[in-house]
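In C-alpha cells below, several structures.
In the two complexes below, chain A is the common chain; its partner is chain B in one and chain C in the other.
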Partner chain A sequence: MPWLVLAMALICVDVTAAAADLFVVTAQPSQLSTSLDIQEIMTGRTRKWPDGTPIVVALPSKESPYFEDAGKAWFDGSASAMQRHWLRLVFSGRANVPIYTKSDEEAIAILEANPAAIVVMGIEPPPTFNVMARLN
Partner chain B sequence: MAPRSIVSKLGVSVTLGAVFTIALLLVVVPIQQRKLLRENLISELESIASALSISVQFAIEQENLGLLAQVNSFMSGNSDVTIAGIYLIEGGASSLIAEFPPNVGLDNLSKDQLADYLLVSLPFSTSTTSGRVLVGSARANLEESVRRVQIPLYVAFAGLAIVFGLIFVSLSRGVVTPMMASARIASRLGSGDLDMDIDIRTDNREVQVLSSSLVELRDNLSAAKAENESLLKNLEDTVEARTGELNTALAELKESFQRLGAVLSSTNSLIWSFDRIRDEFHFTGATSDLSLFGLDSQANVALKNILQRVHPESRDILIERFTAFLIEGSELEQHVQLETTPGQYRWFLLTGVPIPIGTDRSELALGSLVDMDERFRQEQRIWEMAHSDELTGTGNRTQFTQAFHEAVRREKSGTLMLVDINDFKLINDTKGHLTGDKVLIAFAEELKLRIPRAYTIARLGGDEFGIVISPALDDESLASVFKELQHGIAKRSDLGLEVPVSISLGAASFPENGMDLETVMQAADTAMYQAKREKLGGSAFSLFHPGMDAERLTRSALRSRIETALHNNELELWYQPIWSSTQQGFLSVEALLRWPGDATPIQTVIDTAEESELILRVGEFVIESAFQMLAALPSYANDLLVSVNISPVQFHYQDLVELIEKYSSLNRVDPSRLLIEITERTFIENSELAQSILRRLKAIGVQVAIDDFGTGYSSLNSLHQLDIDWIKIDRAFVTDINTDTQSYQIVNALVKMSEALGIGLIAEGVETQAEREVLERLDVTRQQGYLFARPMPVNKLLAFMVEKSHSPTVAV
Partner chain C sequence: MNKVSVGLWAVCALATSNLQAHGLMPGAQSQVNFFVHADTIQRDGETTKREEFTLGEAALFAATRLSDRWSALTEITYQPALYRGDTVKVERLQLRYEMSEEQYFVIGKVHTPMNFWNDTYHHGRFFFPTISRPLAFERFIPIHDIGLRWGGREMGDQKFFFDVVAGSGISAESEHEFFGNGINAGTVSAGFYPTDDWLLQIGYYRDKLIDQESLPGHQAHMQMGDMERVDLDYDLWAMSSHFENSTYKLLTEISINRTEDSDWNYSVFQYAGYKFSPDLTAYAYYDVTSVEDGGIHFVAGEESRMGVGLSYFFDASAVFKLELIDHEKDLGLSPEDGIELRAQLAVGF
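Now for the complex of A and B:
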C-alpha cells in the first residue's frame, strides 16, 4: 500500500529528526505485539490484541513532553490532528476512549494497571514490559 | 316556530356530532399531536446537542473523551438522533471534524437533503478553539412517531363511529321509526280514519306503550264517534225542529221590524247607534227620513260630519251634553237644529238611552233622533202668540216679565223704560180705533227700528209699551233713544192725524230703583207721568229719582178725587163778569172752574186733569154747565155771552163743534152766546187743525178768544189766519200798566195791532182804577178783574147782574 510506505517513510524521517527517543510500550507479550502495526494501533484502526483483548491506547497529553512528537509520528506531524482524529473516532464510535498520560510515571502506572494498554513514553521501560517500537 | 320532524332533529344532531368528532379526531388532535411530538423531539435534540457540546469541550479541554463516548453510546441507542456533527472554526471557516454515524457525509448533504432533518445546532468554545455541534433527526422518524401515536386515535375514532352508528340505527329503528309511524296513525285518527289496523312492531317498551295507547285511543274514538253520530242525529232532529220555530220567529220579527219601520216613519224618527271607537253614527229609520239627511240605511256618518250640520248656535251645548252622555252616562235629551238641505235647518230631538254607571263605556251608545221641526215650530208659534202682542208684533206682558227676570238673573242690572202715546185715548175717541191701532203699530215699528234687537220690547196694554234693556244704559244713551223715538214717530204722516204723535217716556234702573218688577215698573211709571206733566203738549222724557214717587201718588190721588167730584157734581162754574166800557155794562162773563170745599188750587186740578183724558170730561162739564147757566138766565140777560176755557187737548181731540151743538141744542141756547178761550199753545202745535176747528166753530156762531195773549209764541200771521174775535191781554201786561212803561207800550202795540186785524181786546186782571183808566185811554174797552167783579157762583151772578148791570164801578 503506497500510503503505508509513505507513512513509514515519514515516521522514519521524524524519528531520525527527534531529539530523544520515544518508546511504544505494552505489557502484552512480544509475540502478540510484534505482528501488529504500531501506526494502525495509534490511529485506532486496530482496536484489539490478537487474542481479542481490546487495546487500551494511552496517548501523550498536551502537557506531556511527547505530545508533539506523537503527533508528528502518527498524525501527519500535528498534535492537534491527533486530538481531532481521536475525537472523530470516539464520537463516531469506532474506537475506545484513549487515555492521556502526562508523564512516564503515569504511563508505567497504566501499564501496570492494564495489561492491554499501550503507552508512549520517553524512557526505557522496565523489562517486564514489552517495547513494541522505539522511535527516534 | 313550527314543530320539526324528529328525524330532521336527530339528523342535524348526529351530523353535527359526526362533523365535530371527525374534525376533532382527524384534524385537531393529529395536528396537536404532531406539534407536541415535534416540540418534544426538538427538546430532546437540544438536550443531546447540549450534552454533546459539553462533552466536546470536556474532551478538548480535559483530554477526556469519556463523555463523548457516552454521548456516542447514547445517540447510538436513541433512534431519534439520526445525524450529528462536530465543527471547528479555524481561520474563520467551519470544518467538520466528526460526524455521526461515521461516514454519513454531512458535508456532502445538499440543502434539500438537510431539509429532511430536524436540526439543532449549538456553539461551544474552549481556550484554544471554538466551534459548534449539530444534532439532527430525520423527519421521517417524526412522521413515524406521529403515525404510531395516531393509529390508536383512528382506531378510537372508528370505534366511536361504530358506536354512534349503532346508537343512531338503534334510535331510528327503536324510536324514530315507531314514532313516525305513531304520528301517521295519530294523524289518520285525527282525520277520522278509525278503521285502520295499528301494528307498530317494536322491541321498545315505551313505543309499545304508545302503540297500545293509540289502539286504546282508536277504540275510544270509535266509541265516541258512534256516540257523536247518535247525538248528531238527535241534534239534527232538534235543529230541524228549532229551525221551524226560528223561521216562525223570524217571520214575526220581520213583521215587527215592518211595524217598527212604520212607527218610525209615522213619527219621523231615526234610531242611531254610535261607535265610540270609530266616532261614527249609524242611522236606521224610514227611507224618507234617512233621505232627509242625505243618508241611506247603510250610512255610517262620522261624528264630525254630523256636528258640521248642527246649527252653530246649538253646536257647543250639543257637544257638551253628548260628551257628558258618553263619559258620565248622564241623560241626553237635547233639541238641535240640523242642516237638512243647504242653508235650511230643521229641529230634532236627540235622545240617548241612559248608560248605567259601571257599564263598559266602549260599548255602542244608542238613541233616537226625532224630527220635531213641525211641532217645534208650532210650539214656537204658540209661544210667540203667548208672548207677543198680536196687533203690534212686539212682546206682551208675559214676555216683558220674563225678560225682566232674565235680565235680573243674568246681568243683575238694567233699565226699564215705559213709554206711552200722549192723548192716545183722545186719538181713539176722536179718530176711531182703527186710527188708534195704526198709531200703535206705527209706534211699535219705530220702537223696533230704534231699539236694538237684544232688548225686549213689549206692549203692556193700551198705548203703554215697556222696554227691558240690560245691561243698564247711561242717561245720555237713554236720552238719545228717546230723541230718536220722538222724532221717528213725530215724522209719521201716514196715520191720518192732524197733530204729530207725541210720547212720554219714563225710565227706571235696577237694581238702583228696585229689584222686583213691580217696584221698578212703578218707578218707571212715576217717571213717565212726570214726563207727562212736563210735556207741554209734546214728547217728554224723565228718569226716575226718589221723591218723584210721592208727587206722582199725590197727583194720582188727585185725579181720583177729581173723578169723584165730577161724579158727585162737586165741581162748579163760577163766573167773572167782563166790563164793556163802550156799552157801560157787563155783556159777558168768563166761566171759571171751582171746587168748593176743596183746598186744592184750581189750576192744580186743571193741570192734573190735563194729564189724562179727565180733562175731556172736565171740559165737557164746563160747556154743559155754561149752556145750562145761559138757559137759566132771565130774559133780560138773553144777550149775555159766556166764555169758557178750552184746553189744547180738548181742542184737538174733542169734537167741540159737536159738543157745543149738543148742549146748545139741549139747552136751547144759541151757540153764538158761547165764546171759547184757547191759549196760544193750542194753535201753535198745529195751526192748520186749529184753523179748521175754528172755522167750524165760527160757522155755528161761536166766538173765539186767545187767552193769556203775550205769554206764548203766537205769530201775527196765525192770528190773521185763525179769524180770532178777541184777544185777552194777559194780566202780566195789565198789572201796574199805569206805572210800567214797557207794559204800556206792549198793550199800546196790541191795541194798534188788534185794530188793524179787526180783533177785539179784553184786558185781564184789572184791579185798580188807575189801570182801568190807562186801559180806557188806550181804547181797551173790555176789561176784567177784581176791580169790576170777582168770580162768583151762578146764583150770585144773577143778583149781580140785576144789581150792577149799569153800575160798572161796583166790584164784587
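Now for the complex of A and C:
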C-alpha cells in the first residue's frame, strides 16, 4: 500500500514553512537582562541595564530580513513607525543614535564589540550570549 | 525662488536620501537627515499667491556620538529670501557631555526646554502633530537660547527630569550677538511621568528684553515721536501635559507671561488625536493667545485657531496633513477672521 505510506508520510511531515523566529539577544548576564521589558527597551523608554550601563540598541535596518518583523513586534505592526519613532528621539536629542544591522553576522559582531548592546537576530546565537526573548 | 535654490535642495535631498537609502545610516553612530516641507493655504476671503504655495524651511540635521560621553548635534535651516531675511540659520549647535547615566551638560545653541513641544519637535515639520507651531511661539515663548544647559533624565521610578539653562536671551539671538550682553536669560523646567505614557512638565523663563522695541516679539503700538530705548524684565511660566499610546495622543500646552509693565497674558494649546493606525491620525485642536494689557511690548488682543485635521504617513519618509481651521485674529487695528483650509507635505530623509 504505497499510497497509504505516502499519505501518512505527508501527514506526519510538516510541509508548511515554519514561521521565522526572532531572537532578542544580549551579552548581559541573564539575571540582569531578563528582568527588563523588551518593549520598553526597543522603544527607547528604558535606556539602562540594571547596573546603570546605557543600553546600546541595535535595530534591523531596512535591508534586514527582520525589519518588518521588528515593527510588528514592538511598533504596532509598522516598521515605518519604528524608524520614525527613533528618528524623532534622536532628532530631539533625547536618545543616542541606534545601530542598524543588516544581517545576523553584523548583529553578532556588535554583541562581541559592545557588551551593553541588545540586538535582533533570526538565528539562535552562540551560547556565550543570552537570549532575552524568542518571538514567533 | 531661483534655480540655484531648487538645485541646492535637490542635491541635499539626493545626498542624504542616498545615505539614508535603508532608513537610517547603518553601522556608524552618526546620523544625517534632511527635512523639508511645503504648505498651501486657502481662505474663504482673499488668499495671496505666497499663501497658495509656500516652500517651508529645509532643515539639515546631523547627530553623532563622539565617544561614550560626548556627542554633538546640529540643525541648520534654509529658506529662500522670498520668505525670510536670514536665508541660512543655525537653529541648534550643541556639544553634549554625559556626566553620569542620568545627568548631562550641553553647551551651544539649544531649544529652550520651556515646554514639551519646544523640547521635542524643533524645526522638522515632519514630526509636528499639526501643520503649524502653537501661536504662543509667535508671541510669547522663545524658541532658542544660547548658553549652558544642565539636565537630568530617567531619575527614579517616575522618571523625573529637569533642565536648567543659563543663556544670552531673546535680545542676543535677534541681534546675532551671542553673549554680547552677557547672560540675560534663565530657564528652569522639571517634570515626571505619572504613568509610562503620560508626561507632566512645568517651566519658568526669565529674561531681560534689551531695547524691547527692536525685538521680533514686539508688536508696534501707536506712538508719538521716537521712544527711548526701554529694557524690560520678562517672566514666562509654562505647563505641559503629554499623553500618547498606540490609540490616543493628547497634548496640553499652557503659558502665562508678563513684562514688568503689563498684566499677565496667557496662551492655551489643546490637541487631541485618534490613531486609526500608526500611519493615520485624525485630530482636533484649539490654540489661543490673549493679551489684555500688554504694556509697551505686546499689542492687546486675542488670536485663536480652532481646527480639525488628518495626518497620514506614506512611509517613514513623508507625511501629509490637511486642516480645516477657524482662524480669528483680533490684534491691533487689523482684525482678521475666516475659515482656512491648510495642507502640508513634509518629508524627512
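In this text, the second predicted complex is superposed on the first by the 118 of 136 C-alpha atoms of A that agree within 3 Å, B and C clash if a C-alpha of one lies under 4 Å from a C-alpha of the other, contacts with A are read in each partner's own complex, and residues count from 1 in each chain.
Rule of thumb we're sticking to: contacts are C-beta pairs under 8 Å (C-beta built on N, C-alpha and C of every residue); 3 or more make two chains touch, one makes a residue touch a chain.
Computed from a predicted model, the values in this text were never measured in an experiment.
Of the two partner chains placed around the shared chain by superposition, chain C is the only one that A:52 touches, whereas chain B remains out of contact.
Shared-chain residue A:62: touches chain B and chain C both. Residue contacts after overlaying the shared chain place A:77 against chain C, while chain B stays out of touching range. In the superposition on chain A, A:92 contacts both chain B and chain C. Touched residues of chain A, counted separately for chain B and chain C, are more numerous for C. Residue overlap on chain A between its contacts with chain B in one complex and with chain C in the other: 61-62, 83-84, 86-88, 90-94, 96-98, 100.
Interface residues of chain B, counted against chain A in their complex, comprise 56, 59-60, 63-66, 68-69, 71-73, 76, 84, 86, 88, 97-103.
Within the complex formed with chain B, the chain A residues making contact are 61-62, 83-84, 86-88, 90-94, 96-98, 100. Note for the complex: chain A touches chain C at residues 40, 45, 47-48, 52-54, 61-63, 67, 75-81, 83-84, 86-88, 90-94, 96-102, 106. Across the complex, chain A is touched by residues 21-27, 29-31, 33, 61, 63-65, 71, 73, 94, 96, 101, 106, 119-122, 124, 127, 153-154, 196, 246, 277-279, 313, 315-316, 348 of chain C.
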